[in-house]
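Just so it is clear, A, B, C, D, E, F, G and H label the chains in written order, and each chain counts residues from 1 on its own.
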């Protein structure tokens, strides 16, 4: 018998608490699969965001630290600087990374910190019940944009990947999506490349992943994947946004 | 090799003592009047193959400290008052996650941007926890450059021993002034950190966390932490006595203010006032019992602080209404021994303490 | 020189503007005090007022543990420029000592209850070929007048703190100390002492 | 031969697998699991190609797939 | 129009009361358990042509408040414990710049991320100033939804009156629960703000600042602020009494804990214990004099708080060692009246207070 | 007599405390001149940074607020939202804006906040005595990079203008320099355009200005202008980095 | 119906899972109490455990000022699903009242010291053509058994809180209240009361 | 005719004006001002074109320039 698909080693057996159909579950699994495939489970340390994934420490079967809201890149920097031969990643939501934690991610990227960020962009604050995120789309209804997000009042959503790509220290920046199986597989390849970028000491790497929050979007999980494809992808183009020359050889 | 004294600036003495205490990483952000500390370490840490990193902010610095402490390193950050305010969430995180770390606050005047003159106005913040939730950390308040070095060294030991942050609280003058110092040589013994996130090799994965979802979980967690802090409170009270044996008036003062108070006490003795000093070295835990003991014999207390009156609450809590406790307060000016002397005289007269009025006349003549 | 006063000198204030070597003058004194196994304490005035403005510092040298690192009425004040002279003339304690850099201060000392010396340290330093040692000339004068520290200890403190490349400056500094001492010896042979 | 193991107790009935299966082989049970969700069921084992697309979309690691090695 | 009661959630009542108090702008960042407040205002503020803006962080929110307050607006922000820690530098800035603003802290359990259950563990932070430097702000602690609305309204008035920030301190349960409330109608009268930065038209330019370079400047500035705080301390003490007239045991409790304490007191009265409640409504200024007065007649105090024991220090400072002051502490669990009753019984027995042991037996039978 | 050059109305008579030759003085004057020329002195409100310009409130003869370190864009947002018909600007150093205050500037820009930022990039922390700024150049010696800034340790300097230009709400972004008189005049034109962008309600505007810190660079003022030209300009290209379509008509 | 118990009923606990209308059931009761000029207090359990999990809330309705908004042993518990039944059966105070949604709970009540009623509210609601009013049916039963609130007050509270578009649902809700009341009248005519 | 007013008390002797003047008309005084700086002086009034480049580079608003209207 050959195992085609099973629970990765880098996840614990704990059932996930995420809502039905939530993208976090898929993304957790992808990160764990990559860790398994690279054989780095025993030398990987991750950070949890404040957000729905705050208890990711219970799911990832690697050493984990919960960071204060938005500070994951700084926490990861602290870890990586004292343990330079370990693999360090941050797992962050769009509120965590693009709102309160913007300074930290920009500076980790600018420093070319040898860490990898998994950035889950679900265009909303999931954990706190559906408030606007910096990545919420224009017109999107959230509990803090009850009349729809308006450019004049709340400004336009931030394209994090493109913004960070302007920094020299950020050498691998990709935007992927988990709304269907094909893109799930692409996302996994990007995550792998990001970790490899770190393993080869090239610089900072980040994969932005468009993900669903069926609960706070008020949609069924299947509708949510469609909403993502129809609304998010046009504003957030997918692909490898930046592959610095140094990284091009990898993979 | 004979250990030799060197003349050092307070900020630099902290830096060198930290290195000798085995500090593996420093993360900080510049701010007057403590910038010489990061600057010193920027030079020295690479020489000893250790980490110096200027963080993008105080928030980032304290979070880097959290990460590095969680990864098992001896680690330090420093700042001055406004920057310490920004670290409050992070300090609460460190305390909640049982992480050892050394934090230095070289205080300046506030509130807001305030000024860069020395002050002791962060006493409440330091001892009551400016951050949210119940937590405690040791607060060590040196009064000389030698003590600055010694307590820095010890702060690392205590942080590891209790898995708790330790705060060194000094003021701008201590940071800037120079005195001879005999530096520590050997680092405190390393302690095992099986809980550290160093990679889950040949063991279960480790988790550093502060979220406790269930009401009962969080309650239990807090009760456990409370036990630890009770233990520290029992074991780590530090203070110094000066001319207390026969003192009728007891000055309580810490840090630089205590130095000036000593001078005032000598002057007071010359005019027949039996004054003495109890100098808290650990501000938390506070030397409550020692003060209560002294209160039995004293007729009055004078609390000398460079703020609007903060430590005085702890002194009053300790004396429990037994004797009058008065305040001599400057906020961002190091007080002048003569002014303190005047307060001592006035207090002595009002509380019927011995005083040699003739000598006073002579003095002012 | 009055031996009694010598014992009484514990506290010194040095003042001038940035670039005159005020801070290093203070540090050499403190360092030398330490080498002589005395208790010492050095406090710089810091902060924005330093920027291009005045620089000053306080030094205490004592046989016993030093209480207050600051003091309002120094036993000795050394003023290296006019603003410092104006600010500090009246701070010196009664019967204390005031050393004035007369190269930059051309005002007479008003106080009668202190001992005051005017020393043209810039010119004296120039005569040694290097105006930068004006501060050291002043230390020389100070030591001669007070005996608070041995001149050789100042040289030792310089040896300990100078980088190797600057060790060749020690001879010049020794000369500067001597120059200052010499000048006050000459002065005290002629100047009215207003005690 | 494809062997599919369904950890039904983990299933939240989100339907993502179902929407993904190219063979349309997945359906929802009419029996709730202990968590109160209607878990997914494989309708026709024989038709399953073991492509694992369903598993890749599943956020809850419900689906495990093994293949008889030829 | 007759004013009618409406049933409202605490968080929403704050929002509506703020609108009726003439709040012109709200800047906040989501956090449980207070997100309903920003959410409510996100809906309502545009309806009344006022500003709602979700800030990028708590740091930004408090700074927006600073800017808007400096520009003369009535303005508010809210958060919960970790978010309030992040605002400490900003609160110190507001206090240092004499700016009026209303800050709401709907507390949750800590330290660190902690949990989202109700707690009162930010008492020290609120009353001692978690930020740096000497500063004070009013701390109002409502115990019902009606009071939440009333005190929110008053907070705006007080902020303007004293040019000082005012903190509303509630806990997660107050934020989430619903009670009938009669909402305020008219805003507090507008006050002149000639100091506000509204554009230097026909006057000298205005400056909002907290930097005071000179040592003496900063000292003077602090002394002036201290005078203002002394005035507030004289004028704004608020508290509530319940069954205190003949009380032998006095419970001191605030907020939600005081509600449970009332219940426990009624139960205690049924078993013959003369218990009563003194409920501080203003935590700063603390009702020190009122407690000192009560202490003359009482035999013992029981402080009931949802933390490890913080307000108890203020009670001890007020009672000054006259009577025993004990602690009933839960950290992140709203206490149960029965447990409090047990503590009351035990304390009554130990301090020789009246107690009807027969009734207790009957009760537990 | 025609006045060719005199002290602008929008400056007070207070002598500036900056070091000899410091660029802040020139930039203060330019901002004041623009305020005068646009006739907006009586409706302009500015914010001071924490940095050498912390006391700019004493120099600008317009209403001013001192912001906490890095928070100027948030303070300005607070002011502008409640006084939408006023002109609001922030004046910030590179430590203030690009280090601790990165989140606030990114979000003000993303929101298209109708404010103008004068960003003084002198590649150093002036006020605190010469520590590294996020904009310090590779190899630059500062008190916290005593061995020179190294890419591997401290990362590469951040090009703020280019980074912010990726945000939709930022409609006018320029980088100028005050190292010689020609560029001083160009800088003034850019500042004017930035204020006009605000006046016409187009969106967020920012002028990054390369400036000197002779004191902490350890150079004479004249040497400092040369160092700027030789070292900073090659890394920080001058010009109008972004002029959104909406703004193109202006000026 | 026991008039004495009626007076004693102040505290109610409602529990079930999210989506069963537990919170709105509680809010209608509190709102109606307010309309009847009683003191009321409503406390939801909040937090992450709500997500897809159980929902419950506490209501106090009293003639006098309400002290504690929470209580450990409610006078009445309404359990709408099995986990709630398991969790709360033993919390009801002795001699208190337990209402069980027997459509989802098929376990017998064990306690003998309380009064318990099993009401198949899902089926009863379905019989009205809308399973969503199962919670209202339960309120109807509760009111009939306790008299704590007038049914009409519940309708009034709905009128005040429903948006205009939902006002046409009032008739259905009135029917649901009546259905619940009717069922317990039928029950009490046949069911053993375990007091 | 160009009239140049020098607010010498504001001058910090930084030399930026001097380095800028296309006519090389500016020099440093040998007398310190009250702040201790050696202020700038205009050497040859007649040659000054009033181009104001010096003033534009001056960080301290030392230089004021007026021109005789023709």
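Convention: a residue touches a chain if its C-beta (ideal position, glycine included) is under 8 Å from a C-beta of that chain, and two chains touch if they have at least 3 such contacts.
Every value quoted in this text rests on a predicted model; they were computed, and no experiment measured them.
Least step count on the touch graph, chain B to chain H: 2. In terms of C-beta pairs in contact, F-H outnumbers the other of B-F and F-H.
The most distant chain from chain F is G, comparing centres defined as mean Cα coordinates. For this pair, chain C with chain D, the centres built from the Cα atoms lie 88 Å apart. Chain E and chain G have Cα centroids separated by 34 Å. Put simply, the C-alpha centre of chain A and that of chain H have 59 angstrom between them.
Counting partner chains per residue, chain H shows two or more touched chains at no residue at all.
Multi-chain contact residues of chain F (touching two or more other chains) are listed as 19-20, 54, 66, 68, 99-100, 102-103, 106-107, 127, 134, 154.
Residues of chain G in contact with at least two other chains: 47-48.
Of all residues in chain F, only 12, 41-45, 47-48, 54-55, 57-58, 60-68, 71, 74-79, 81-83, 86, 103-104, 106-107 touch chain E in the complex they form.
By the touch criterion given at the top, residues 29-32, 35, 38-39, 42-43, 46, 52-54, 56-58, 82, 112-113 of chain B touch chain F in their complex. Put simply, chain E touches chain B in their complex at residues 59, 81-82, 84-86, 88-89, 92-93, 95-97, 107, 109-115, 117, 119, 121-122, 124-125, 128-135, 209-219, 222-223, 225-226, 307-308, 310, 313, 316-317, 320-322, 330-333. Those residues of chain A that touch chain E in the complex are listed here as 50, 54, 66, 68-70, 95, 99-100, 102, 125, 127-129, 131-132, 134, 143-147, 153-154. Contact residues of chain B toward chain C in the complex are 5, 7, 32-33, 115-117, 172-173, 176-180, 256, 259-260, 262-263, 266, 334, 336-338.
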